[in-house]
Amino acid sequence: MDGGDRPPGAASAISLEGITKSYGEVAAVDDLSLQIDPGELLVLVGPSGCGKSTVLRLIAGLDEPTAGTVRIAGEVVNGIDPKDRDVAMVFQSYALYPHMTVARNIEFPLRARRVPKAERERSVAGVARNLQIDHLLKRKPAALSGGQRQRVALARAIVRRPRAFLMDEPLSNLDAQLRIEMRAALVELQARLGTTVVYVTHDQVEAVTMGRRIAILDSGRLQQVATPAEVQARPANAFVAAFIGSPPMNVMPATLEPGEVTTGTQNAGRHLAVAGGVLPLTGAQQAALGARDLTTVLAGIRAEDLQVDPEGSVRATVSFVESFGAERIAACRLPATGAADGQLVMVRISAGARAPRTGEAVTLGAHAPASLFDPASGARLDA
Amino acid sequence: MPDRRRRTVLGRRASRRALREAATGYLLVLPALATFAVFVFYPLGRAIWLGLYRTSVSPNLPSTYVGPSQYASVVSSSAFLGSLWRTILFAVFTMPAGIALGIALAMLAHQRLRGIQVFRTVFSSTVATSTAVASVIFFTLLDPQIGLLSYWLGKKGGAGILSDPTFALPAVSVVSIWQNIGFTFILMSAALQAIPDTLLDAARLDGASSWHRFRSVTLPLLSPTVFFAIVVGIIGSFQAFGQIDILTQGGPNNHTMVLIYYIYQSAFVNNDYGLAAVASVVLFAILLVVTLVQFRFVERRVFYAT
Amino acid sequence: MPESNQPDTSGRGEQAWLPRKPLDRRSFLAGATTLASAGLASSVLAACGASPKPKTTATSTPKAAAFPIGAAARASGKPVGITLWHSMQSANLEALTTMTDQFNASQGDVRVTLVNQNSYPDTLSLYTAALAGGNLPDVVQIESEDLQLMIDTRSVVPAQSAIDADHYDLSDFLGVTVSYFRVGSTLWAMPFNISSQVLYYDQNAFTHAGLDPSKPPTTLDGLRGAANKIVQAKVAKYGMALKLSPSTFDEWLAMGGGTLVNNSNGRQGRATRVTFDSSLGKSIIGFYAQMFSSHLAQPASATTYDNLVAIGNGISPMTLETSAALGTVAGLLGGYKQVKLGVGPMPGPTGNGGVYVGGAGLYMVSKSPPERQDGAWQYIKYLIAPAQQATWAAASGYVPVRKSAVDVPVLKARWASLPGFRVAYDQILSSPVTAATAGAVMGPANQIDTAIQDALTSVSQGRPAAATLAQAAATANQALSSYNSRVQG
């Protein structure tokens, strides 16, 4: 899968074309193609070990791809030294030089590039003011808080006005409160600077809140590149479905049964049977499935698309109810299949509705069609 | 006033507890203190005392009290000053070169290359070599008739490098550097490994050349280890004995007569224990001062990671 | 005279605390290494160097009182066990062990135990260490040049007292072997393993250079001439390898009839100044300088056998080395097929002198009880008897200390097959007994050696010979006066 309808080309700020990075037998990144627009904040998200940091290092030039082409602003940068790629990186550990003052840290890239002293001082002062760290300039990193270090690391990246910022989990060492603040600050900063950012995180909430587009990576392979809304609404596969969203999409094994179930807009010749209950299929889904010879599928349905519904046909028992501020989620256990416990599904309790009690037997109904995935490959069936 | 009384009682109780804690503390350091007293302070005191005597040519015969004048005469003697100068030269020859070489080898072995483990083993192997073995190896290599090094250096024939006043001390220094390189290498390798890779990655992206990265990032971060190596190195050069005993015995013409060897010769060859005691006390004082100065001044300029 | 110097008895209070126990080198090294990290080498000295010792127990000069002749035979517990500390290795050790076993088996009064102390310097330092407190041997083998120090330890029964008491006859002994260990009229140690310097040369190289291999040079001029011929004929790079060793210088001084120190080489009274910077000394060091600067001689290390290797590999076909090395030389040069080893008498300055001896003597220890002193004397007498000296010389390569040993078949046979072994004997036999050929007796022998060696090293580096020698003399004089000031403590 690639970046969708964008052709690889000079228009992209960063373009990865068929990138593979192998360490011996293991491919950390496997045939990845991705275009990043100028001025875009693209979030690269995936579980740890999925290869997202490697992608960043390949762009930065800290590692060279085993195969494929990396372009920055249209020019092929394979084999070009990191310092000549004109990109800046912010590391999870901040990578501040512990023996230098904040001022010297920020100044370092300018010194390395032999920028004259007066200009260096002007730039450092400007960036420091911008990031509100001008009172810290004489300190050493050891004397700074996590948030302050984070700002210094940003300042060091910003000060030389690179073509792109590469950020490797820059917020994951901060406490939750600060992280949320910094997310907003980063997005705001990026909008102001207008510089391309590739932002790596393992936190899908961060990805969804920050990225205009997010790229989901798993086991070195690109799973989907799309806007957060699209990724949530139409996950490209079962992995994305289960990875993105809070709570993530409920993905359940289901069988295709003959017979039409009519509920409002939906009608078709077949329906889904899930844990004894029945879910309808849309006409488009019927058509997509019609071409294939499948009896079982994976049905994905978001918590917000499920509801406790006395009219519903899926029976479940409430395991517990979680409240996140105004939002309440009921975890409901489906009936046991064989020896195994029934699967837990998350159901959002709509505002104003009564929250079910723990242990209560309920029936669940869907008010949106389920996403269907191939049980073998996990790929979306109605793409 | 019940309040005040209460406070006093509490205060007394607190001070009694503090006293008890202090007593426990002293009790705990007592074994170490006793060991130091028996093996360091007492002998040191005896050495200072012995320095006040002119000892006989044979240790079974009486000594004569000569007082502090012996300190003055030894310290101002050309033999003592000469040996002190040789010691300083020896330190200057061995330490900077040894540390630089240790860092260079550690940098080389820090690369991620296939089979680099072999080089690490080779570079650190001199740790497993005793001074005696190292000295004998070099004694053979430097032999003017059969030595490979003498042959390569074009010094075949003649009395040999170790008998040449110009080259004897440098030669002994090379042996010492060689022997210590393993230790320095291991020290510097460990220190290099403790430097986070991301710092050097960051510096690469920041545009620093490899030399600039080394100078501005690696070296400052190695500085605590370098400082440690300097302290150990200076003390080590003041105590270099085995290689000199085996290679040159202080010669030729006293050109390798470092302080410790001068002390050894005075005491155990010439039976002049009084003189040797004086020189030893002075050596002790010098090392004490050197160490204090190093910790006081050098340490300030050293970065210690938090 | 050293032996007349009584210890200073005008005691001060402070002298109640006397340094007593010295260190031996091994424990010094161990201690120094341990304390190295603390920079406390000084404390090692003190740890072992200073223990209180009341003044009253200071050892006094051994009285030349009647030697307890026959005490071993009269002892209640027989055999009397005595100990010899020695420094003999390999073939020499084997020969010494055999002779000692034979002595033990030959009689029932005395049983000798040998203790190998590894080297002369080690033996000496262990001995002085033991003097301060520890087990002393009854007989100790000490290198010849440490005679004055041994006298000054006041721990020795002069061999003279046993000789007098036993009416032992020294007329069969080679003159200079006895004169070496005699100060004034007292013989302090019995000469045991004796050697002198000889000329080693490659007869084949002589032939190639047009020299007569049966007539090696005997004078310094002859030496220079031969070296010159060898170099001119391009037979070798150098004519000879000349060790930067004080013993060659000293030997030449003795051969030229000169002394090393004043008071007749320390024989008529304690040496107080060196005399080696005489005109003879200057001409000798001038010879060194000339040989080096004209590249006729290759300077060779004083502490190795590089000079012998140089004969083998054809760089320098002549060298001067102790006769005691002959076994080693023959073994070493056996590996070089093109070399035909020749041994000639020590070439040197012509004068009224002759060679002096090196090697070691056997000292009896005065702390031993009478029966062990007598046992020691019986054992020494056995070792220096003609038969044993012949066996010893045949096995070790040392020179027999007495003339009649030469007629013993074992030595006769040995010398007949290896005539080189006889050369040193002949030159020692012919050496006249004078102050010069007695050799120097001086306290800081080691330091004076070093001063001379340093001078030779400087000369080999092209420094002016006369100034260098003067410098060496100044250093040596300093060492002498420092030593002499410490004789009484």
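Just so it is clear, A, B and C label the chains in written order, and each chain counts residues from 1 on its own.
Following the convention adopted for this analysis, contacts are C-beta pairs under 8 Å (C-beta built on N, C-alpha and C of every residue); 3 or more make two chains touch, one makes a residue touch a chain.
Not measured: the values here are computed from a predicted model.
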Intersection of contact partners for chain A and chain C: B
Centre-most chain, if every chain is reduced to its averaged C-alpha atoms: B
Computed distance of Cα centres, chain C from chain A, in Å: 91
Where chain A and chain B are represented by their mean Cα positions, the distance between them in whole Å: 56
Approximate Å spacing (C-alpha centroids) for the pair chain B, chain C: 38
Touch list for chain A against partner chain B, complex: 57, 60-62, 81-83, 87-89, 91, 93, 95, 97-99, 108-109, 112-113, 142, 156, 160
Chain C partner contacts - residues on chain B that touch it in the complex: 39-40, 42-50, 52-65, 143-146, 157-160, 162-166, 235-236, 238-239, 241-242, 249, 251-254, 260, 263-264, 267-274, 276-277, 280-281, 283-284, 287-288, 291
Chain B-touching residues of chain C, taken from the complex the two chains share: 7-8, 11-12, 14-15, 17-25, 28-29, 32, 35-47, 49-50, 55, 58-59, 121, 125, 128-129, 131-132, 149, 152-155, 237-238, 244, 298-304, 306, 309-310, 313, 315, 443-444, 446-447, 450, 453-454, 457-458, 460-461, 482-483, 485-489
Footprint of chain A on chain B - complex, ascending: 196, 198-199, 201-209, 212, 216-217, 220-221, 223, 303, 305-306
